[in-house]
Structure formats: structure tokens, C-alpha cells
Amino acid sequence: MESMAARRTEWTLRKNEFQKRLCEGRQFVDEPGSKTVNPADCVSLLEAVIRSGDRVALEGNNQKQADFLADCLCNVDVERVNNLHMVQSVIALPSHCELFERGIAGLADFSYSSPQSARVAQMVSDGKMKIGEIHTYLELFGRYFVDLTPDVALVTAISADRAGNLYTGPNTEDTPTIVEATKFRQGIVVAQVEKIVDKLPRVDIPGEWVDFLVPVGRPCYTEPLFTRDPALITDVHVLMAMMVIKGIYAQYGVKSLNHGIGFGTCAIELLLPTFAESLGLKGKVCSHWTVNPHPSLIPAIECGFVESIHSFGSEVGMEDYMANRPDVFFVGPDGSMRSNRAMCQVAGHYAVDAFVGSTLQMDRYGNSSTAVAGRIAGFGGAPNMGCDPPGRRHSTASWLRAGRESTMTRGLIGPVPRGRKLVIQMVETFGAGRVPSFVHRLDAWTLMEEAGFKVPPIMMYGDAITHLVTEEGIAHLLRCDSLEQRESAIKAVAGYTDLGREANPKETLELRRQGIVQTPEDLGIDIGDANTSHLAARSIRDLVEWSDGLYRPPDRFREW
Amino acid sequence: MALERLEFEFIGEPENGENDWEYLHIGHVMSGDLEILAERLPAQANVTRIHVTTSAVGFGSVWQMVIDEFMATHKMYGCEIWINDDGATPAVVKLRLWQLVREMSAK
Amino acid sequence: MDDRWNRMQDLPFSRLNARERAVAICNPGSFNELLCPRSKLTSPHLPAMGQTPQFDDGIVVGLGKAGKTPVVVVSQESRFVGGGVGEVHGTKMVMAIRLALRGQRILESRGRSPGDGGQVALVISFDTGGVRLQEANAGLLAHSEVMDAFQAARGKVPIIGVVGGTVGCFGGMGFVASSVDVLIMSDVGRLGLTGPGVIEEVVGTEEFDAANRALVWRTTGGRHRFITRDADFIVEDAMKAFREKVSEVAGWPLKKISEKRIIGTEEMVLEQMRLVGLAANDKIQDSWDLWRQFGNKDIEYLWDSDVSEFTAHAKRWPRGRIGERD
Amino acid sequence: MINFYGRGRDAIELIVDEGSFEENVCGGEKIDPEFAESALVGTATISGEIVTVIANDAGFANPHFRMVYAGLMGLEEGLKMAYAVYLTIKADKDKPLAEKRPIILVVDTPGMSPGKVEEIIGIYKSTGAYQLASAEARRLGHPIVAMVIGRAISGGFLCHGLQADRILALSDMFGTMIHVMPLIGIARVTKINIMLLEELAESNPVFAAGVSHFYNLGGVDGIVEEVEDMRASIETQIAEIRRLKAGGEHDKVGPWSRLMSGIRRGGRKTSEKVIELMEEEFEKALPCWLGGEDDEPTP
């Protein structure tokens, strides 16, 4: 026999390590056999179960935050616990940064850091934080099961029973993904909960997957990230939203979709019961959604536009409303909604006809970026929504039509029919402070140089974009048959920006004739009639009324 | 820090609408927005003067283009138009001008 | 024109602009603006500071009719420099009061008496943060002129205040709004002296978080002001509701209107001293503490109920009967 | 140079007859001496004539309201001053115009109390009440003279000072401060460059701090250059006010007269245009509004 590698004999190293840490941690439980740790002992607990250099998943979501555990982790003895490798969806709280400032953590792999973007950039430039990679959510979740499996997970739930079963309520978000990755590779799972109860409404995480419970006595911090006050929607948003509805949704018959959180998409949602209804689109468009429970969807739901909504997370104040609309939302036997970021990301990636987002900057190729120099904000989930998944095999009418029109990409596979997801970007030609949105060079390049990234942080690559919508019109980029034509179409709707001023009026007319570019006039939309009076709701209060009082907006949005 | 004042003048045949208006006023001066006051000149007048007062200095050429487009589209000859602008984007300027025209036809 | 008037009646008051409010609070077609945008009488001070002026300087003044009563209407525009009172804005308001009084004298000279169209009323829609800082001194002086003109009008021209805009009524205009005969608010309206941001700066975020809008409204909003009787009426945030209430009140006998005042006599000062006594020594931490003292039990219900239910169930300050500082 | 910040009592002594000031008595009625002590009210004589004195004593904080200190006017302070005015009116209610006693306002306040409880109760009523009381007393014939000895700031000045018939101020030399907000604050809130504001302030009195700016706007009727002149200046003003009121010229005293002074002094030129044009348009609109003289009342 040729020489062979020595056979491995040890098979339970991780398990042994787990047992050791479990024992050390158990000295802090309130009574033998219990999983409950007094909040006052939480720092000691973390010092007992976390080792320097560990990979730690600290639950940081778009909405709910394991804020108490984050604070405790900031207070561990840095001599004992340091050099941690943080893996988390969102760097959201000041305490998430504090870990790096104090030297407790050194390396981060994450998806999104917009709430702390300036501080993250500063810490990177100061050498306090090293970034492994910035991911999309699905990528990061994928890596939890490959090469970024956490040693310790610090998660948050609403309540637990003594056996450790967790009830997450509507904001389930990342908890199942993190706990599954950690626990099944013999990691330690610590959960902060508001309180411990005898009987849970439902079990979101089985008790045997949870090692320690910290009853904090208050709800964890939860950000109402997807609440947009309709009062802030402008007439320009309404104009662009009308164009999307009439020029894209109606034409393609977009039934399933994901919306970003901009005011443009908010305007679309609020025009469904009015403008879209008047076009006879009810039942024909926007019936199935993979979005967070945007309060601005309430009027469309109430008018019967919406059949189903699956969500990444919940939204503060929407709990009662969702519980009372179980035909629409994914509601458990207990009566409350359950979200799941991983599932919803998969759905938004593979199973929808269209994604609509907005961006800060776009170049002549249609590459778009929200990157701003001096800020590291990450990607979140948008790139997974905003792309055509090559793995998709099922068909819908919208998908097929978009595929037929995709002149340039169709050429690569011969005569085989194939569909395409619509990826729509809404961009005002000038942003806040009259900064042009169309640029020759994206700020992402500058950020790449500043932060030492290998590629510029592009949110959506130009080849993914099928439609660009500005106040000047729609560019049906998928209908272009050459790069030159795409560029002309982009310039044709780039208005009075430098890039837009390069447009050749004759060429623009030809693009309009071919239906590649459509102005409001081409679509039969009167610019002078685009105003917010068309919105089904024009204030948070209108939304409350639409919901029959079931929507209870967070205090910061109640202006009456 | 001073305001910029821009003047534009157009000459052409007024369109024969049966609209019955003396003056129109829309909008508010607030960050990123503007007010427009349009006053009708005597019936035979074929000149339109547009007076822009803006806090955003140095955008004269963009104003020229937006207003050219407006006049080319709507041919509002025979008016005096006053604009007070607090840094509106071209998108907002255009929208307000078009809203003015709609207001006119509603009168 | 009446079409537009009709449409405005169905809209929230808070959403309309100052001119629309002025037009819609009067009988259809009756509003006649003085110093309308065409007069282009703008602030000479803002341009020097690089700030764009507005043709009406953020205030609409005019003559109209509310029900059977001729009214002078003043309506502040909060979209323009926060409704701030500058030189032109302030003088327009002062003049409006003086002209209302002059209108009243003209009617009297014609031998008309209240009841046969012989009573002029003044209606002021406040939507302002008070003094416009760019013209701070002129704005401050204008406030004193307005207060003096109010006193001159007392017992002659009823003054009806309306607070239902998005900014509300703050700064020196808070004094002015408290000095009217009858104050009508919606629950969107706010009345106070110091804005929430400044209070937060002074007392700290722990005690007063200006981003907590519910707290801000609880402290200065229409519901609270109705309970403390600073507002005589609370109406829905609807143009129609405001118009109907204004028309109704404008037609009341002068004596009945004057009885609604909360300040302006020695007795009222003593009453207010008793109300203030309730709050001494940090006894009141939150407006709801006061609501409870007046006998309100289900506070959350009152807070979330619609305006008609709120009005029916809210227990208000019994005016002078309780309270003494201990 | 001396200043009178927080020295309302000292200033009173310089103005009234020596030893004549009796605290917490107004129009013969007593006021609780422990109520709102920084609102200093009382009765004194000037050259033998009885006057009511209302002043700030910044030395007292209000133990019951923690945002009332350093001369800030709180809920109780405004009401107490208003009460003092009403007691004054009551005491002289049967007296002829010429015998209505003067009210002397000694002004040194940095403003109104900003606080949560102040908003819950509605501090605007305290100051509103004081303004209405002052305007009423003035219109009934009481000569009211305000003497600004230190700080006359924003809402504080509005309620305690600006309703007077005449306003005197010690000159800038005494550190007298009259303004709504210092330039640095205005720059911060309006986001206008401070250098530009400083430059504009030299020629335009409309926003900048200072006694002379207020003088040009009409907001101050006279500037007193020497401390010793305060008393005589006040007496002169009282005599002048009496003369005007006796002649029925109520618009030549008080806030409206200051607007007119502002126009004359060139500080409020635009106001003049507003007044003219509004009167003109009003006259034109009258027939449509109230009907012609011979019209029947319109239903």
C-alpha cells in the first residue's frame, strides 16, 4: 500500500470543548439544572463561555437587536476575551462598534452597516476593525454553514420557557439561521429574553438548542426601519411611481415582487388603490410580495390588491394588524406573524417577477451604488433581490416577456427561450442638495481605494438592471441591443446632469420611437397632474385609519 | 451668499386657449422647492419674461435648459412669470412649471 | 372655483396651505385677499442673507364672510421659514386686527348691531414657531403690537384663534394664541412656548426626548390643551370641521364669546395661579398626571379615541375649583 | 463700568424716593411674599407720587420650579406681575385719567423658562396674561414706563417691557442687552454664515443685538446715558405720557407708537409700505365686504 495520511482518531474535539464551556457557564445559573442566568451575572457568563479568538455571532438584525448581550460583551475583561471575530448581519448599534474600539473584537464579517457607516469607516482607517468581507445576507448565511460557523451565538427573543424554548414573535429574522449553524456544530447559544414564562405562545427555537437564558426584564431594542411617513413623499416620487405602475407593472403583468425602502416604492404602494385601480390593474399586478410589512402597504391590502406577504422581519406597530390579516401574512397557529430573513431572501431571489429599488449614484453603464466616501454601509439583501438568478427554472408571464425582450443576453444561448427577472432602479436625476445622481465615476471607486477593498462596492451591477426610471422617463434597458444603445438610453433619462446633457436629442427620439425610452407623455401621464393628492394615504394617521386602528405606529411617528 | 437673479425672455405667438385667468400662483419657498407667480400681459402681448430669484448660485445654464424646454412645450407667450426658488432640483422646477400649466387650464 | 372650495372642505386642515385655509374657512367665493402675492411685498432682509423671499412673506390676510359674519382672516404659512414672524409678516398681522376694528366701527356708524350682520370677527390661523430669527427684532416688536391691538379689539371684535397646522403655534405666538377669545384646535395642532428641540437641550433627552413625537404631542397637542381648557374646542383635522366651528362661533353674541377667554382679567389670573399650583414641586411629570388629577381614568382610551369620543369623555380642568400650591 | 445684572433692587432704589419702596403691596393689597420671589412687585413714590413697581430680582430662584432662576420668568412670575397690574387698575378704578398711578417696569430678564412642566401647564398664558393686563392698564390711562437696566431678552422683554407706553434703556455702556438671540445662535439656527450676519448687523438693525438697534427700530424710545438720569428720564416720560393720553392720543404711546418711531427712524421702512397698501386695498374692498352704506345687511 502506498503511504497514506494518518487516520484521524479524535471525533469529538468540538463536543468536548463545548462541554467544558457549558460547565464553566453553568456556575452562573440561578439553580442547578436551570438555564437561567441573572442579568447581573451575564458578563461573567460571557467571560466563561467565550474564548479569545472565537467566532461570535452577535444577533444584529435590521430590526431587533441583542442589545443587552452586546452591552455585556462590551464589558468583558479584555485581558480574558479579545480578538473576537464577529459575524453578524448588521452592525447597527453603537455597542457593536464599541467592541472594536475596546479591542474585544478585531475582525468582522457582515452584510450591512448603514446605521454605523461613518464609524465603521473610521475604525477601519484607524486599524481598529478589520473587515473580512462584506456580503449579501444570503452569502453570509451560506458561509455560516461553510467557513464562518460561529463558536458562540448571542441571540434575542421575546420570551422563553424554563426548558429554553424561545418565542421570537413576529421579528424572528435571523435567529433560526444563527442558532442552527451554531448549535449543530457544537457551539454555545445564549439568548436574551424579555421574560421567562410557563407557556410560550409558540416555539420558534427548540429548547435543547439553547444553553443559557438571560431574562432582561425589558424588550430588546427594535428599529422601525421600514416605516416611511407618507407625508414625506414628494410630487416627483408620485410621478416616478406612476411611471413604474403604468410603464412596467402593467406592461409586464408583474405579480410577485420585492420593494426597497425608498419613498419612490412607498409612493407605488400608496398609488395601488388609486392610480393602479383606475387602470384596472387589481388582480393583475402586485399580488404576491416578499417584503417587510411596510405600513404603506396597508391601503393596498385593505383594497384587496395583495394576496400574500412573506417578510424578512417584522415592523414595529404592525403586529396586531398582521395578526388580524392571516390570509395575507404568514401567521402561526398562535396567531402572530413569523418572519425569517433566510427564507424570505431565498423567495425574493428566486420566486419574484420584479425588484424595485433606489440608489444614490449610477454610472453610464447602469452600475449603481449607495457608497459614499467616508462611509462603509454594506449591501444587505438588495443585490440578491436585484439580480436575475441564473438558477431559476419556473416561469411566469412577466418573466417570460422580460426574457423575450432581453435582446443582448438572449444571444448567448441560441434559440432556447428563457425568462428574466425585472430589476428596476428608481433614481431622481438630482439628489439632496442638487447633487447629480448620474456620474462618470462612482464614489464606490474612491471608497474602494480608501478602505482597501478588492472591488468597488457596487450594489447593483449594470447588467442586472432591466429598467431605469427617473422623473424624465423610463429606460427599458433590457430592450437595448448594444452597449452603446444602453448608454444612450441611460443618458436619455438622465435629465440635466452632465451625463444627461450628453444625450443626442435625435437619438433620444429614435429610442422613444422604438419604445426603449418612454417619457411620461409617451405613457399618457400628465406631469402637471403628478402630485401627492393621488396617494391613498398621506400621513401615518391615514394609515392608522385604513387599518381600523390595528396599526399602532411607534411613538416617534405619532404626530397628533 | 447673495441671491442670484436670472432673466429670460421669449417671443412668440400666444396659443389661443379660452382660458380665463389673470394670474396664477403655486408653490412655496422652502428648501428644495419654489413658488411661481404668473401674470398675464395684455391680450396682444407676445413676449414672456421669466424672472428667477434663487438661493442656489451658479445654475444659470440648467435654468436656461429647463425653461427652454418648458416654453418649447407649452408656449406660454404673453406672460410675466416670477419664480422664487430655494434650491429646487430641475425635476421639481419642471414639475411645478407643468403644474402651473395645469392650474391654468383648470381656471 | 366653488368646486375647489368643496374639495378643500373634505381635506385635512393640516394638509392645506395658508391660502387654502383662508379661502376655505370663509363662505365660498367670499374671500378677498389683501396684499396678495401679486403685490410682491417681500422681505427686504432675507435676500441680503442669501435667503429667498416669498411674495406673501408667509402670511395670508383677507376679508371674507363666515356664515353671516364678516370676518378678517389671517393665516400663517409654516412652509415658509417655519411661519416665522418677520417685519412684513408681523405688520400684515397687526394691520389685519386694526382693520377688523375699523370694519366694526364702520358698521356701528351705519347703525348696525351684532345680530343683523353688524359684528365683525377676526379669525387667525396660527402656524408658526414665533419670531423669524432673520428679522428677530422686528418680529419681536410685531408681537407686542399684536398684543396691544388684541387688547384694543377686546369687547368690540371677537377674536377666534385656530391652531391646526403642522408646525402649531410656538414662541411669542403662543402668548398671542392664548390671548384670543375662543381657541379652536385639532389634535394635530400644538400650542406652546418653547419648541421640543430646545426643551430637550435644556432638560436632557432622558426627561424630554424630542424625537418621541407622541410625547411632544402629549405635552403640547390639542387633546392636552383641550383638557387644560387652553383650547375651547377640539375638532377633527378636517377643513370642514374648522370652518363649521368658526362660522358657528363668529355668530355668537359678543358676551358669550368673551366668556370663553382664559386670560385677561384678575379672576382668570388667580385661576391660572391655582392651575400652576398643581404642577409645583415636580408633582406633574407628564401631562397625563394632570389628566388623572382631573378625574380621567382610561387615559389610553382617551389618547387613541377619535375626537368626538374624546370630547365626550374627557374630563377637563374644572377651572378654578381645584388646585393650590402646597 | 458698572452694570445692573441681577440688581433690580438697587435700580429701584435709584429710581424711587429713598426708602419708599414697599415690597409685595400693590394698590393697597398684600401679596404673598413667598410667591415667585424673583418677580419683585411693590409700591413706591417718585417725587411723592405713588407708583407701582414691577421688577426682576435675578437673585432668587423659584424653589417650586427648577427652571426658574437667574431672572428667568416662569409660570408663577408672569402671573404675579399680571396680578400686580390688576391690583393697580383696581385701586385707581374710580380715579380720573390724570390720576391713574404710573407703573414702573424695571427690566432685567434673560427670558422665559424653558421646561417640560412649563409647557404642560402652558407658560404662554402667564406671560400673555401679563401683557394683556399691561395693555389694559396703559389704555385705561396708567402711564407705564419700562426701564431696561440689564437684560431684556426675547419673550422676557415681550411680556415685561414691550407693553409699556415708553421704554427707556441704559446705554450699551452698561452692558445692557436687548435681543431675541445672540448672533451666534441665529447663525446656528438659520445656518447663515456668522461673518455675513456680523457684517449685515452693522447697517441693518432688524436682527442684531443691541440697544441702538432697537432704538432705530423704535423698540426703545429713549436711551439713558447716566445711571443718575434714570429717575428724571422716567418722570419726564410720565409727564409726556399723561399729556398725550389727556389729549386722547393713545396711538402716540405704546407699541403702535414705537412702530411709527421705527418708520420715522428708518428701521422699519417696509412696514410703512405694508400699512399704506393694506389701507388702500381695504378701502377698495370695503363695499364688497360690508356692503355699500345704503345696502341692507346681507344675510
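A, B, C and D are the chain letters, set down in written order, and residue numbers restart from 1 in every chain.
Operating definition for what follows: contacts are C-beta pairs under 8 Å (C-beta built on N, C-alpha and C of every residue); 3 or more make two chains touch, one makes a residue touch a chain.
Here the structure is a predicted model, which means the values were calculated and not measured.
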item	value
Geometric centre: closest chain by C-alpha means	C
Chain pair with the greatest number of C-beta contact pairs	C-D
Approximate Å spacing (C-alpha centroids) for the pair chain C, chain D	23
Inter-chain centre distance, chain B versus chain D - centres from mean C-alpha coordinates, in Å	46
Interchain centroid distance [CA atoms averaged], chain B/chain C, Å	34
Numbers and ranges of chain B residues touching at least 2 other chains	1
Residues of chain C touching at least two other chains	48-51
Chain B contact footprint on chain A (complex, rising order)	234-236, 239, 428-434, 470-471, 495-496, 501, 526-531
In the complex, chain B residues that touch chain A	32, 56, 59, 62, 65-66, 87, 89-92, 94-95, 98-103
Footprint of chain C on chain D - complex, ascending	64-67, 75-76, 79, 82-83, 86-87, 90, 112, 114-129, 131-133, 135-136, 138-139, 154-155, 157-159, 162-163, 179-181, 185-186, 189-190, 192, 196-197, 200, 204-208, 213-214, 217-219, 254-256, 258-259, 262, 267-271, 273-275, 277-279, 281-282, 285-286, 288-290, 293, 297-299
Partner chain A, residues of chain C touching it in the complex	12, 14-15, 166, 186-188, 211-215, 217, 221-222, 237, 304
Of chain A, residues touching chain C in the complex	538-539, 541, 549, 555-560
